[in-house]
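Note sheet for the following structure.
Per-chain numbering from 1; labels A, B, C and D assigned in written order.
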Amino acid sequence: MPLSIREFEALARDRLPADVYDFVAGGAEDEVTLRANESAFGRLRLLPRVLRGPATRELGVSLLGMDATMPVLIAPTAFHRLAHPEGEKLTARAAAAAGAIMIVSMGSTVAIEDIADAGGQSLALWFQLYVQPDWAVTEALVRRAERAGCRALVVTVDLTVFGRRERDHRNGFHDLPEGLHCENLRGIAGERGVRQIESTPELSWEHIDRLRATTALPIVLKGLMHPLDAVMAVGHGVSGVIVSNHGGRQLDTAMATIDALPDVAEAVNGRIPVLLDGGVRRGTDVVKALALGASAVAVGRPVIWGLAVAGAAGVTQVLELLRDETDRALGLCGCACLHEVTRDLVQAAPC
Amino acid sequence: MPLSIREFEALARDRLPADVYDFVAGGAEDEVTLRANESAFGRLRLLPRVLRGPATRELGVSLLGMDATMPVLIAPTAFHRLAHPEGEKLTARAAAAAGAIMIVSMGSTVAIEDIADAGGQSLALWFQLYVQPDWAVTEALVRRAERAGCRALVVTVDLTVFGRRERDHRNGFHDLPEGLHCENLRGIAGERGVRQIESTPELSWEHIDRLRATTALPIVLKGLMHPLDAVMAVGHGVSGVIVSNHGGRQLDTAMATIDALPDVAEAVNGRIPVLLDGGVRRGTDVVKALALGASAVAVGRPVIWGLAVAGAAGVTQVLELLRDETDRALGLCGCACLHEVTRDLVQAAPC
Amino acid sequence: MPLSIREFEALARDRLPADVYDFVAGGAEDEVTLRANESAFGRLRLLPRVLRGPATRELGVSLLGMDATMPVLIAPTAFHRLAHPEGEKLTARAAAAAGAIMIVSMGSTVAIEDIADAGGQSLALWFQLYVQPDWAVTEALVRRAERAGCRALVVTVDLTVFGRRERDHRNGFHDLPEGLHCENLRGIAGERGVRQIESTPELSWEHIDRLRATTALPIVLKGLMHPLDAVMAVGHGVSGVIVSNHGGRQLDTAMATIDALPDVAEAVNGRIPVLLDGGVRRGTDVVKALALGASAVAVGRPVIWGLAVAGAAGVTQVLELLRDETDRALGLCGCACLHEVTRDLVQAAPC
Amino acid sequence: MPLSIREFEALARDRLPADVYDFVAGGAEDEVTLRANESAFGRLRLLPRVLRGPATRELGVSLLGMDATMPVLIAPTAFHRLAHPEGEKLTARAAAAAGAIMIVSMGSTVAIEDIADAGGQSLALWFQLYVQPDWAVTEALVRRAERAGCRALVVTVDLTVFGRRERDHRNGFHDLPEGLHCENLRGIAGERGVRQIESTPELSWEHIDRLRATTALPIVLKGLMHPLDAVMAVGHGVSGVIVSNHGGRQLDTAMATIDALPDVAEAVNGRIPVLLDGGVRRGTDVVKALALGASAVAVGRPVIWGLAVAGAAGVTQVLELLRDETDRALGLCGCACLHEVTRDLVQAAPC
């Protein structure tokens, strides 16, 4: 088994078709943000505490009333069957085994009901939603997620227009291969076949308000970077935000998420949980995000690499690597639990 | 068709003679400024807003009373016939088709009247002027531009002496090839043949004042970098300034234009439009310049790459790429129009 | 003989088995801290004084009442017999010859008594201690060090859990080769064979207090990075601290030690000596550490490279190189002795 | 002829024996300062003024009552006959032809009298002096310089001990080749042969005071970096200082000279001229040094490259390149003379 997530990526690159690898690994335009998400963690330095005596560390976290055994969620990424024939089913099994929360992509290639079945009762599923121009479709998707037992809605707000991923244009990778479909949109809103996911450029706070009126599920906004938007989010009663730039796949040269986090966390000021995705590859990255104000982080591409390398066992190994590294980093920072990870443990490296 | 302006450059490099490519692509001395113009954009990060609901974006801009469909002008670059036999005629056609303003170089290899004909009524042409030591020549050029229907004079102020471009010295590239001439200087001021363009090292504000007394056309100063000069420009009644270092071709190690822009914009304080050229290669570059105080930007070398790759269609594609990328970037920043691009959308990347 | 410590490393790399080289040279996870320890010195610039007239320089230093001829100690590193069959015996001889203080690793592959014999009366030995979960073992180790004539205890506080060194995992390097043992744990606390070194994750200030009550030896804490812990150390009556991140082998992305030093030194404010290890490879590094508040530094890997290249003579040469370079750097900075190395001699390089 | 000083270096490298090239080009230890001297100029950006109308530029400068046609002096470097059989004679001819001040190294391989002869009446010669431990020798050297018509003494203060240049150790380059000698020490102070140059580690302000009492020549201190020493220099009545780190050949990781200049200039506050050497390779470097407070700069290695490539004509070309580039840079910065080069023309590049 690979020793690190970066080794998982190297192995996955060997196993996946080149265009699939590029689709997963790539980002928008010059991929500045894609690289910045990872490298920004490297610029941050830990300043550990010692002699504080945590014999063991408690990595558990409670988010929106749900308990998880680790502060690493599975970020919503589309099309897991590109990486393994059983796709999201295996991801769900691994998440359940690890006690991690899984955010299912609206663009999953296995239907949400089957994912829920595979994960079993213990698995906390959150459903990622792109608000669709046709509200009836949006509402039907919400109901479907509710019925499948999802416990939160993660509304992606940074895909009002599609980012331009030039690798995909070069590879001619525009559609799912024969046999793969966005199963959550099959038969949705009375349609016969599989609806296409559409973007909603006019997406606004009114849509968020309307969603809140539509469902009792907690709503989490994903793709928020600006502290003023974080203040708006609190004002509109959402239950959490995920600082994200869509893994560098949408607006190129957007700030690295770990660099955007501190101002968002300060603006939110603890009123709702702040999560982060983008570039998390090590336990020390997790600790840095916690120190800078996140309650937890999510990982996307590493899950795909795990699936590609070894199916459910691969995803499990990815999660266990992150758990082990986070535990070790906590211990070496003198922290017995996530709440002891304070702001002063992180400083920018002198340039 | 290439997917990006950098791909256009790569293709153009294959198609152009090496000395012509070097003449266009190169810069002064060690080319520090040449590279800095581009790389300085990369150091700036966007901090987008979300959920502000622009279903579509309006990219139109009004400059000196002229409307353009996009905030990207064609910067004045000499000798388009080096890139394509029909040279500036095609550039004008593409600008007209795109609804962009074209700044014609005084050193064009097609006469301004023919460029105006090719562009047609709808095309807003501005004429770039090097003040000549012999004022009669300068005045004759102004009259010629007026008669040809040009609607503004862009006076270049950063070529009082010639920058040293060592690529051209190595290539022995000092004159236009047989058959190409600066057609705007043919027969100028009663001369029989084609006059050479001369530099005017004594160029001063008195020349600008005299030009204002000579013509009713609005005057824009190009090649200004220092905020104190921007204040002078407003005091001398010019209609606009273009922050420019001549594409890195004059004073090497001059500051990157995007780094010089904020202080100039602050000094001007909205009294006249501030434009910028130098290093703009992506829609996100356009948005960054707008956020830092520019009303619009201009692109020079990309137009030549477009001509070299596919003539008028190439220039069109260059402009449409920039329009599309700017539109996408605006949308992903939550901006419905150029005026919504505020200063807080841009931050320097931590170093 | 090599001209510099980096040349010693290059030669040692050729001579050592690859897995041994990796064990010594490597660090935790992505080795960010490993590299940062060295490169952070390179970012600091010396601003020398002139015409202050030191005909010769005095490099002597007094630490915890012991005199050394140079402000460079031998840091505790395990397993010197990996580099040379006689291991720590030779290191002790070289240290004695150089008049340097040697901190013997608890994990030495020669017993402390034999090291003391080899070093002779003149050699000041400090004993590095990992507090063991079984206090009886800890106490037995302290007594053994006392009986062998060690004059200080250096308690390592940054190994409460083991860092993950991926080179060793890849090489399958987990145990000492046949015939090598941690001789200080042979027969310890009444045990028959050689006990394994264990980590003590619950290590706390109570252990330090208890150690102080157990022995009259001065206690130095090694592995402290945070100024708040330095304040705690003074409060708990320890005699010195070593700013260290375990040579980048424990918590990856921990701050470089030279970057952590100034805040620790300020917090300690001269009440106890502050030492530093990590990345010291040149006399100018020594001078920089002194300027930023250290009383002395320690070197670990360079000693191993010296042993591997030329046994005791190699270690001697490593120490004499550092002495010579430090002397030269002091002279060129206009300093007659270590106390004249003031804070203003060092500035960060502009970035 | 080469187009730039860096091209001169490349050509000289081809022509000189490798050990001679290394001796000239190399620096102390890791050569951090050697590289920093050049690269620090690259980090500084010019912010030019426009429309100020200097038809021509005046590059003349008056230093210690002597007029030079350009603000670039020939820095003292030893052993010009390593680069060309006629050595310093040719350098003097080129300096005279250019109207530049030449600082003759005490370690010249042609005697000062012969250099003065070669340069002729018009050439302003300054004599560089290492104070020798035997004062009689020092005094004899001063008298010899006076008699030869030298008009200033440049006392080097940063060679109290010898820097360690590892290239020379690797090459075994320790002595001048057969037939070359430090001719200024031939027969000095009654000695028969050629004395060796010695360092004087106890060099102090008393030596400077004693020199002032010994000669009426103005005294310039070379090798000063710290603003406190600059204040001392003014207090001790010296006539000028040269900010220098001996071209990176003495204390490695010393600050780049252009980075040290501003604080020195501020401390001196115009009371005596401040010069700078180290890393000057372009006219823009000259302008930056002037903007940051220097009255002039000196170049060392470029002169050797000129000699090696084309003898006196090569040195002339090096000086004319610098004159031409400085003139061009002044013009493009809108400066009619050196006094118009103000502090605001230079800014650090954002990092």
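Assume contacts are C-beta pairs under 8 Å (C-beta built on N, C-alpha and C of every residue); 3 or more make two chains touch, one makes a residue touch a chain.
Just so it is clear, the model here is predicted, and its values are computed rather than measured.
*Asks:* With one step meaning two chains touch, work out the least steps from subunit A to subunit D.
*Replies:* Counted as steps through touching chains, the separation is 2.
*Asks:* Stepping chain to touching chain, what's the minimum from subunit A to subunit C?
*Replies:* Contact-graph shortest path, subunit A to subunit C, evaluates to 1.
*Asks:* Note whether the interface between subunit C and subunit D is symmetric in residue numbering, meaning over half of all numbers used appear on both sides, and answer same or different.
*Replies:* Because under half of the interface numbers appear in both copies, subunit D and subunit C meet with different residues.
*Asks:* Using mean Cα positions as chain centres, tell me which chain lies farthest from subunit D.
*Replies:* That would be chain A.
*Asks:* Once you find the CA centre of subunit B and the CA centre of subunit D, what distance in Å lies between them?
*Replies:* 42
*Asks:* Once you find the CA centre of subunit B and the CA centre of subunit C, what distance in Å lies between them?
*Replies:* Roughly 60 Å separates the two chain centres.
*Asks:* Can you list the residues of subunit A that touch 2 or more other chains?
*Replies:* Touching at least two other chains: 351.
*Asks:* For this assembly, give the contact graph shape among line, ring, star, complete and other.
*Replies:* It is a ring, because the chains touch in a row that closes back on itself.
*Asks:* Pull out all the chain pairs that touch, please.
*Replies:* Applying the touch criterion to every chain pair yields A-B, A-C, B-D, C-D.
*Asks:* What does subunit D use to touch subunit C in their complex?
*Replies:* 29-30, 32, 36, 40, 43, 157-158, 160-164, 166, 169-170, 201-208, 221, 223-226, 228-229, 232, 250-256, 259-260, 348, 351
*Asks:* In the complex of these two chains, what residues of subunit D are touching subunit B?
*Replies:* Listed in rising order, the residues of subunit D that touch subunit B are 3-4, 6, 41-42, 44-56, 282, 284, 288, 325, 327-329, 331-334, 344, 347, 349-351.
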